[in-house]
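Okay, so chain A shows up in both of these, paired with chain B first and chain C after.
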Partner chain A sequence: MNKKVIPEDRKIISSTHVKIGQKNQKDQVHTEPNEFFYGVERITKFFTGSEVIQSAIKVSHCDVMVAYPITPQSEAAALIGELFADGYIGDYFRGESEFAVMGQCAGAAFGGARVFTTTAGPGTLRAMENFPMWAGSRLPIQVCVTCRGVNSPLSIQPDTLEMSYLLETGMLIWHAETAQDLYDFILKGFIVAEQPDVHVPIAVCCDGFFVTHTKDTVDILPDDVCLPPYDPYKSPVPCMDMECPPVRMMRDPFIMKSNYIHYATHASWQQEIHAAVERSRKHTIPFLDGLIDIENGDRDILIIGSGTAVSQSREAIRLLELEGIKVGLIKIKTIRPFPHEEVREALKNAKTVFVPEFNIVGWLAREIKAIVPDNDKIIAGPHVAGGMTMPSEVIVVEVKTALGLNVEKIKM
Partner chain B sequence: MDLYKVSPGPESFLPPAAAKMGNVLPDPGQGHIGGTIVPEEEAMEMAARKFLEGKVPTIFPGPLVLWHWNEKAAKKAKAIRALADAGPFRLIPMADYRPKYPKINPEVEINPNHPNLTIWHNEIDVCIFVGVHCHQANLSLKIIRGGTDCYTMAMCAQAGHEDACLSFRDATVEKIERLTWWVNKLKAEGVKSQAKEFTQFKHIPKWREAEGN
Partner chain C sequence: MSAEKIKICEDLYDIMPPEYQDIVENATYGKEGRGWKDIGESKELIEQHSLCAGCPESIAFRYILASLPAPEDTVFVGSTGCTSLVFPMVAVHNIHSLFGNQNAIATGLKRALMVRHPDKVKDVVVLAGDGATVDIGLDMTMQSWFRQEKFTTICFDNELYANTGGQESGLMQKGFVSKMAPVGKLFDKVRLPEIAREAGCHYVVMMTSSKPNRVEKAIRNAVHVAREIGPTYIQIYTPCILEIGKQSMEGLDEMKDSEGIGGRFTYKEYVTDAAAALIKEMDDAEKAAKKAAREKAKAAAKA
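Right, the complex of A and B next:
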């Protein structure tokens, strides 16, 4: 890389918009993003995650929200309906299924709208075909994924397995640890995803129930400001045009013509989507203050995770510290783009690294093992799934066992 | 990570996207040459020099400047025509992005799905994209880099293109005129255009013949 992006710079080269400084239909002032996030004084609230999603959308100047009920996002979707009733959202309706919802979101985005939706678990999988379609069509739609179990037997409880299905869709994927993260990620996600050089969809993920249904202290923006409108004229592809790609590609795809150059075009098209995800680093690093957070990164033992696994690890580290075991913590905020360089650098001196996850397969550990040269030091675990909690003591036991220390069995 | 140098091809069966190799787009006031970030003026001078050195230097104007969809587009189109005349450089339009079947006419058009056909047919060795939507420009730039030896440049109205050998960003009418100024300056300093003689279009419309054009 020939140019380092410095998190301290904290400025995004955002699109200028003629409506900055003007008021929208609810008398909210369209505010320049850097001023919006760092200049406007915030108000402290004690909200559930669902209320946080509603609060973020209230100041996002969202054009269209399409809803469909599935636990644990149903409450957020319903609360956004109240925003529509109050006039904060341009249009709001219920789709026929998650698949239909994502198709309807695409239609609205093709027409030049800022679009938001929420989904979870089996809903995410039911809608899956649409996500690479969104990305391939360069539609900067935002979907908030409130993760839950996906497989039979039915579980509505938290589980991050569904995120692994999203990894190669060409979407940006951010993973919120707390309600505050969720609020900021939703709003910043719109700005980053809509940058002309990025312009791909974004999945802002959080752990269902742990974040959506618990209350937390959150600093939110006042209702009298909002994001600048989305500017579809800066899109890297033409707006809805049935004669041109990407729309025409879907009814007359070049892949149907069997020759080398048409395949090469499709390959180049895919490359361009993944290139767009990479370009988002430049905008995301200053906005999220880096793609990872590091606490005591110089320690021999590190825990690395994303989402609420980070919160549980933080408490586990406190418990370990009481026993004289010093452990550092690394929080990953963006799963796509994955912070390869940052993680490699952060883990280079560690002797043992634990990756606690709320899913049975350990997809995050796999991602990390794939980029670290001495990856035998990566311990994929502990894992819980299907709605189990991950008590901090379970992480403590994992660490102490790996270190060969005596551990007290945890009684279930 | 070492800098991935974006050079004329033919690079490979499927060259990588420069952004995936770690190349970063320039900030306002900057451009890039081969992937290295440079001041915009340096990129402009190099673009003018490359154009004058080319045997078949060609401008590919896209739909954003070919169609009169707003006043700015019309002004940009005039500025591009002035740039073409300053060389002189050829103009081959990318009027839209539709896949053309059974095949395009590479003599008079370029298409983002198979831009190499136009490069090969006309033996274009230096080209610049302007007014092409960013996604389609990047498709074209990668395919051209993969299979041809053409030096590619992109004058982008948005954030620039890592997949071009040279690019600058936020292209306004004034910036297009600035590039023309650089061409004229180099010519005044004695740099001679190496372009082969050419007729802009194979068939001159009758009304233009009548006007003596």
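Right, the complex of A and C next:
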């Protein structure tokens, strides 16, 4: 699975799984990833984000999915249950809380399964203790996070604040802008996360409601193909199924010793997790065509963002262009690994940079400011929070105000 | 796992650690009718431990590992606490992840093993302390029983949080003075065996580890019932001699004192009809096998 096959036009890691070409329990042909993503002819559908998640899982040859209701991911989680009823998924059940669900996912992954789950907002935070455990245990579980508010008073509205809590868990974090992104990120996410030299969990995030509950055109794969199976015996840690010899993992237990060797063991383990996240670049870059997308990157004014903030910015840029103001756009696709070099290079010549975000703290702006030398040119905004939409006009006003131009009142 | 899988390739034999050579040559993987009597006769599946001298948990651990019907196809799920000091030295796969989520882990694990190995029997056994089972993990413990997950839950009940230094736990007896119960525990010991029965466990045992043959029987029954019927629960008193002010040689006496008539750990079991039928079937088969062996031996002696 880890052998590199480089077709001339697509430099992506391919699979050498023995089951390629064979059919699974639903007569779907396990298809080599190059062919799967770029060779197989797709079908255009007009789907909600929830249906997109279901469609992706339908061709993912997923072994176990654990579900729990929380808005706005409940519909997707229930739709995957229908896939189970139809025989596409090995096992599926409702857990009792997000903390338990993420434990159940971990148990299934320890047992060598390809595992998928979905969560959102307060669910992500309730499950939080599990995420660094997944990473530390090298479990390539995929969780689809449909971002929503985590504040009190209770809110079910879209807000990306929860992503900031995931940043240092040791997971891969990808942020989908559109339904198409969501579909491709889920499927490509399995392949990247399961690479033996990566083998850490992945959170594929999208903005709740804006992506999950709106309809969009999306090109999906036909039902007669699916990903190659996950091969747990290529994991960097033993698969816990007693099909390989049990090893005595350490001379002494991993806790309770206050000596340098134990500190060093833990420190090096953590270094390895974060190194694995960085190593995912070499698989992710060809798969996603880079960690960032650049449109008109040579302009003096740039907007940089992730998720649906990018869509809103694209429209704002069109409005600004009507007034003769030229603005470029940078879309960040992977938050972890963070595209340090790419962003630094892309912002090098810009004079003013805006970071619109769907959260109150502006965590993405903070990430960007931390890596750009002349970071006084970064304007952290506009921000909306608590479920507000971000009209393109708000971005227009932010840009024009910063440029010292006259701003008309926005007519709502 | 076939016992063949742990065999060492000849060329590498001499450089393998002696413990591993010993495991391959002298352990009881794949042995029919293995049990506590193998202790001392063959290589145990536990290689040292760093528990306190005389800790009853260590002997319970050894009995349990010796009594597993099929260690070569058994995966353990542990939790944080004293047990997590032992698991790294155990020759069966075992998972430690967080504190209290052991029954959630076991749920996912058992289901994944059933999906991935539909033609094999893979036993999953949870082994955790009372804090993990009853306090922080109670919802996951019970929910796995409600769902009829097919694995065994073993609780090492030492009636307190031992590893963190002897704090009050839900299984502590009422009135006991400990850390975090400065005026004595104010409520009764949680009746988890009864809760287990009501929550859907098919075989429930409350016991101490003072009698190895009893532990062996309970483990054999619990694993087989979990495999064939549904969830099982065993609660074993493994007193923390350190935290109740006993000497290292007093663990056995403590267990014996507590299991007399009217004691906190008087042996009790709850068995559903289905489980009782399965256990009878196993007992009959065992008796028949023993009888056959005896007759064979007699015949051999005559000849």
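Assume the second predicted complex is superposed on the first by the 385 of 412 C-alpha atoms of A that agree within 3 Å, B and C clash if a C-alpha of one lies under 4 Å from a C-alpha of the other, contacts with A are read in each partner's own complex, and residues count from 1 in each chain.
Note that contacts are C-beta pairs under 8 Å (C-beta built on N, C-alpha and C of every residue); 3 or more make two chains touch, one makes a residue touch a chain.
Owing to the predicted nature of the structure, the values given are computational and were not obtained by experimental measurement.
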For this session: Look at A:S306 in the shared chain and tell me whether it touches chain B only, chain C only, both, or neither; answer first, second, both or neither.
Result: neither
For this session: Answer with first, second, both or neither: which of chain B and chain C does A:Q28 touch in the superposed model?
Result: neither
For this session: May I ask you to decide whether A:Q54 touches chain B, chain C, both, or neither, giving the answer as first, second, both or neither?
Result: neither
Exercise. Thinking of the overlay built on chain A, is A:Q157 touched by chain B (first), by chain C (second), by both, or by neither?
Worked result: neither
Problem set entry | First, second, both or neither for A:D91, with chain B first and chain C second | second
For this session: Please indicate which partner A:P238 is in contact with in the superposed arrangement: first for chain B, second for chain C, both, or neither.
Result: both
Problem set entry | Which superposed partner A:D63 touches (first chain B, second chain C, both, neither) | second
For this session: Answer with first, second, both or neither: which of chain B and chain C does A:T334 touch in the superposed model?
Result: neither
Exercise. Is A:W269 in contact with chain B, with chain C, with both, or with neither (first, second, both, neither)?
Worked result: first
For this session: Could you give the residue numbers on chain A that contact chain B in one complex and chain C in the other?
Result: 238, 243-245, 248, 252, 254
For this session: Please name which positions on chain A make contact with chain B in the complex.
Result: 1-3, 5, 13, 138, 195-197, 234-238, 243-245, 248, 252, 254, 257, 261-262, 264-265, 267-269, 271-272, 274-276, 278-279, 282, 341
Exercise. Which of the residues in chain A end up touching chain C in this complex?
Worked result: 63-64, 66, 90-91, 93, 95-97, 99-101, 103-113, 115, 129-130, 133, 137, 238, 240-246, 248-250, 252-256
Exercise. Where on chain B is chain A touching in the complex?
Worked result: 1, 3, 14, 16-20, 22-25, 27-28, 35-37, 63, 96-99, 101, 112-114, 116-117, 133-136, 138-139, 142-143, 146, 158-160, 162-163
Exercise. How about chain C: which of its residues touch chain A in the complex?
Worked result: 1, 5-6, 19-20, 47, 50, 72-75, 77, 84-95, 97-98, 101, 104-117, 122, 139-140, 143, 147
